[in-house]
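Next come the structures, one after another.
Two complexes, one shared chain (chain A), two partners (chain B, chain C).
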Partner chain A sequence: MRRGIWPLLIALVAVLFMASLLIGPAGLGLGQSLRALIQGQGEAVVLVMREIRLPRALLGLGVGAALGLSGAAMQGFLRNPLAEPGLIGVSSTAALGAVLSLQTGLAATFALALPLAALAGAALSVLLIMLMAGPRGGALALILAGIAISALAGAATSLVLNLSPNPFAAMEIVFWMMGSLADRSMTHVWLAFPFIAIGSALLLSTGRGLDALTLGEDVAQSMGLNLVRLRWMIVLGTAFVIGASVAVAGAVGFVGLVVPHLLRPVVGARPSRLLPASALGGAAMVLAADIAVRVVAPDQDLKLGVLTALVGAPFFLHLIWRMRRVEA
Partner chain B sequence: MSLLHLTNLTVRRGECPVVDDVSLTVKAGEFVGLLGPNGAGKTTLLRACLGLIPHEGKSNLSALPARTRARAVAFLPQGREIAWPVAVGELVALAGRGQGATDRAMARMGLAAYRDRSATALSGGEQARVLIARALAQDTPLLLADEPAAGLDPEAQIRTCKVFQDLASEGRGVVASLHDLGLAARHCTRLVLMARGRLVADGPPREVLSETNLAEVFGVRGFHAETPLGPVFQPMDVIR
Partner chain C sequence: MPSSNALALALTVLVGALPAWAEAPQRVVSINLCTDQLAMMLAAPGQLISVSHLAFDPLSSSMVEEAAAYLANRGGAEQVFLMHPDLVLAGSYTSRATLDLLRGLGVRVVQVPIVDSIAGVTEGIRLVGAAMGREAVAERLALAFEADVAALSRPERSATAAMYYPNGYTSGAGTLSNEVLERAGFRNIGAEAGLTGGGTLPLERLVMAAPEMIVTSTPYPGASRSEEILQHPALSALTQVAGGARVNDADWVCGTPHVLRAIQQMAQARQELGE
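Presenting the complex of A and B:
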C-alpha cells in the first residue's frame, strides 16, 4: 500500500486536473479543448481554455497543494492531529487584508489590489507572531499568539462588515470570504505561484526535523535538531503558501485539516512522507471540489469554501466520533 | 577519558536554585546511577547537561553545536512521547546512524520481532523499550537516561540495566537516574546522590547507600546483603 500510494496520488491529481480543464458550461469536446489549449486552434475556444479554465485548474492545483502541505506541516510541528494552517492566524489576517481592500474600493482600482492586500495581511500576522511568540518561545506560545491574532483579525473583519455602507458591499465581502476559484486569470496564477513555490520548498525541507519531533522536543534537539530554525521555517512557509492561497482563492476551509488525517495511516504516519502526500491529496481534494461546484450547481455559483466545509465538517465529526470510541 | 564534565552547574527557577553548584565528571567505562528523592533536581540536571535549559556554570556538552553534540551524547527523557503511529523499526532508525546501529539497538532491547508494528499500538512498557533502543541506536560514547526503568516489567528492567552495564564495559559512559535503589546497587559502578539540588554523596554503591545517607536523604532504612547473584540492597521501612 505504502509504495503504491505515490503513483496513485499522482495519477489522481493528473486525472482531476484534466477533468477540471475539460468540464465547464461551454460544453466543449475533448479533442477540441485540447487542440485549443495546446495548439491555439479556434479563437473562442482558445480564450475559454487558456484564460478561464487553465488558470482555474492551475490555481486548484496550487491552492490545494498549499493547504494540504501546510496542514501536514502544522500537525507535524505541533504533534497534534487537530492542528490546521489557520492556527497561526495567517488565514484570518490575509482575509482581513482582502476585506479591507474590498471595503475601501482599493480592490476595484487594479486587478492585483485584492491579492496584494491579502499578502500584506499575511505578512502582518508573521510580524505579530514574531513579536508575541518570540524567537525562542515554545509551541504553546505560538498557538496562543495565533489564536489571539485570529480573534483580532476576525473581529476587525466583522467590524468592516458591521460598518459597511450598503448591503451590496457587505454581500461582496461575504461572498469573497466563502472562497472560490471562479473567474480567476493567469495574473492570479503568476502572483500566487512564486509564493506557493517558496513556501512549499520551505515546508518540504522540514520533513526530517518533523520526523525527529515525533519523539518530543527534547529528543529531537538531542538528535541535533535546531528547533528555533525549524519553527521559523514552518511559520514562514505556512505564511507564504496560505497568504498566497487566501489572496487568490479566499478562505477554503477543512482541506488542511482533513487531508493529512486521511493520508496519515496510508503513508505509515511519518511526517516526512506525509508532507508530499498531503500536498498531492490537498490538490486532489480542491480540484475535485472545484469540479463539483461546477457540476452540482452550474447556475448557482456555489462557492468552493462552502463545499469543502460541507464535506469536511461531517468528516471531521466522524473522526471525533471514532477518536471518542478509541479513547473510551 | 572524561565524557561528561560539569563545573559549578546551577539552574534557577526564579530565584530558587533547582540544581545548585553541581560539579561532576563521568569517565568512559562508568555506569553512574543518579539517585535522589522526587524533586531533588535529577531531571533538571540531565537536561541542563545537554544545554536544553539555560544554566550557569559549565557543561562540556551544552556548548557543542547541535549536530556535534548528537554524536557525543544520546538522551532518553523521562516523558515518553511518540506522537504518530510510526513503525518501530523506523522510529529506532530516526537516530540516524544507519541500519547496522538500528538493528543492534533493537536486538539489544529484544525488539527484533517488533520491527513493523506500529509504535503507538504497543503497551507503555514496550514503548519505553522502543525509546531506549532509539537512544542506543544513536551509538554515542555517552548516554544520559532519565528514569529508564520506570514502568518496565522486571525482565525489561534488568535487561535495560544489563545493556547499560555492557555499554560501560565496552568503554562508553552511562548516567541514569533511578528510583529503584536495589537495581542501582546491583548494576551501577558508581552512585551519585542528590538532595535539594545539591550533590550529597558520590562513590561506590555500598558507600553511597549508607545508613546515614538513606536516613537523611530518603528517610528510609534498609539492609545490604551479599547473595550468590550479587550484592542486594532492599529499602525496608520509613523513618520519619
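Presenting the complex of A and C:
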C-alpha cells in the first residue's frame, strides 16, 4: 500500500489537471479543446485553452504544491500539527507585501517587484513566528503569535486597499484573504513559477534534516544536523513558495494544514516522504477546489478559500479537540 | 404613457406624505452622481447649493467644470443637514439610514430611480424638474433630448459588440448601456448571452463569442486586480482582430442628456468598422 501511494497521487493530480483544462464556462468539446491546446487549431478555442485555461490549471498545480509542501515542512520543523502558512499569518503578511507593492506603484516599475514584495512579507512573518514560538514550537505560543500577525497583516491590507484612489481596490480585500485563480494569465505563471521552484527545492532538501529532528533536537544535533542552517532553509523556502503563490493567487487557507494530516497515516510520519507527498496532495486539493468553484458558481468568481475553509475549518476543530484530549 | 403616470404617482406618494411646498425649494443639495448632473442642468441661479464629491471626478462625471461652482458633499446626513437644505435629491440606492435620518429632521427628500432606458432619461429630467419647481426648463430639456435622439441615424447592418469592464463585468438586456449600443448600430453580446441587467461574462465566453467591437472603460488611478483583466493576453488578442473602443464611463453611467455623447461615440466607432 505504502509503495502504491506514489502512482496513485500522481495519477490523481494528472486527472485533476486535465479536468481543470477541460471544464469551463465556454463549454467546449473534449476533442476540440485538446486539438486547440496541442495543435493550435481553431482561433478562439486556442485562445481559451492556451491563454485562459492553461495558466489557471498550471497555477492550481503550482500554488497547491507550494501550500501543501510548506505546510508539511513547517509542521515538521516546529513539530506542531497546527503549523500552516495560512493559519499562522505567513500568507496574510505575503498578501500585505503584495498589496503594498501594487498600491505604491512599485509593482509597475519592474515585473519581479510583486513576488519579491510578497516574499519579503512572508519571510518577515516566518522569522517572527519562529522567534515567538521558540525552537520547540509550543502550540499555544505558535497559534497566538500567528493570530496576532494574521490580524495585524489583514488590517493593514484592508487599510491600504481602502485608502487606494482606485474604487475597485477596496472590493479586492476578499481576494487577498480568500484567494482565486480566475482570469490569471501566463504572465502570472512566469512570475510565480521560478520562485515556487526555488522554494520547493529548498524545502524538499530539508527532508533528511527533518527526519533527524523527529528524534529530538539533541539527538539530531549529535547526528551532525545544523539546526540554524535547517531553520534558514525552512524560512527561505516557505517565503519563496508562499510569497510567489500569494502574489498571484491571494491567500488560500487550510491546504497546508489538511493535506499533511491526511497523508501522514498513508506515507508514514517521515518528513522526507511526507514533503513530496504533501506537494502532490496540495496540488490535488487546490485543483479540485478550483474546479468546484467553476462548477458550483460559474459566473460568480467564488473564492478558492471559501471551499478550502469549508473542508479545512471543521478539520482544524477536530484536531484541536483531539489535542485537548491528549493534553487533559 | 403609463410609466410617466407611475412616476407621477410615486412622486405624489413621496411628496404627499409631507407638508405641501407652496414654492420652489431654495436650497437644494444633491447627494447622488446622477441627480447632481440633472440638478445642475435644471437649477435656477443660486438654487443648488451642493453636489456629491463624485461630480468632481472626471472618470465618473460628465460635468466636472460645472460642478466647480458648487460645494462638494460626501452624502452623510450630518454634513448634508448642516447645509440647511429644503430639498435633498438622492438615488434609489442611497443609504436608507441616511435618508430616514434626513426625513426625520424634516428635510424633504426626493429619490430618483435608476434610468435603464433612453425613454427613462426624459422621465428622470421631468421628475427632478418637478421636485425643484423647474417644470418649464425640464420640459424644454426633455423635448430637446427626444428630438436629438430621434435625429440619430441607424446603420443598415448591426455589428456585434460587448461591453467589458473590470472583473469581467458587462451589461445585458434592460440596461441603458444596452440601448446605447443598439442605437449606435450594435447587437450586444451580453444581452445575447442571456444576461439581464449587469453581470459578469467569463472571459472565455467573451473570446468564444468573438464580438466585432469591445467596449472597455478608462482605468482609474492606483492599481487594482479587477482592472488587470483588461490587459489579459486573451483580451488583447481579441482586440487585435476586433475593433476596440475605450470609453469614458461618465457619459454612460447616468440617465442624462449626456448619453447622446455616448451614442455618438459608439456610432462613430460603428462607422469606422465599415458595413
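As a convention for this text, the second predicted complex is superposed on the first by the 247 of 328 C-alpha atoms of A that agree within 3 Å, B and C clash if a C-alpha of one lies under 4 Å from a C-alpha of the other, contacts with A are read in each partner's own complex, and residues count from 1 in each chain.
Everything that follows uses one rule, which is that a contact is a pair of C-beta atoms (placed from the backbone, for glycine too) under 8 Å apart; a residue touches a chain by one contact, two chains touch by 3 or more.
Predicted model only: the values in this text are computed from it and were never measured.
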{"item": "Which of chain B and chain C A:171 touches, first, second, both or neither", "value": "second"}
{"item": "Touching partner for A:186 - first (chain B), second (chain C), both, neither", "value": "second"}
{"item": "Contacts of A:270 with chain B and chain C, given as first, second, both or neither", "value": "first"}
{"item": "Which of chain B and chain C A:212 touches, first, second, both or neither", "value": "first"}
{"item": "Chain B versus chain C as contact partner of A:158, first or second or both or neither", "value": "neither"}
{"item": "Which superposed partner A:79 touches (first chain B, second chain C, both, neither)", "value": "first"}
{"item": "Partner chain(s) touched by A:221 [first = chain B, second = chain C, both, neither]", "value": "first"}
{"item": "More chain A residues in contact [chain B versus chain C]", "value": "C"}
{"item": "Touched partner set for A:109, first chain B, second chain C, both or neither", "value": "neither"}
{"item": "Chain B and chain C footprints on chain A, overlapping residues", "value": "none"}
{"item": "Of chain C, residues touching chain A in the complex", "value": "166-168, 199-205, 207-208, 210, 220-229, 232-234, 237-238"}
{"item": "Of all residues in chain A, those that touch chain C in their complex", "value": "24-26, 28, 44-45, 47-48, 51-53, 102-103, 105, 107-108, 164-169, 171-172, 175, 183, 185-187, 298-301"}
{"item": "Contact footprint of chain B on chain A as seen in their complex", "value": "79, 211-216, 218-219, 221-226, 264-265, 268-271"}
{"item": "Complex interface listing, chain B residues touching chain A", "value": "47, 50, 52, 66-67, 69-70, 73-77, 79, 81-87, 90-91, 94-96, 118, 131, 134, 138"}
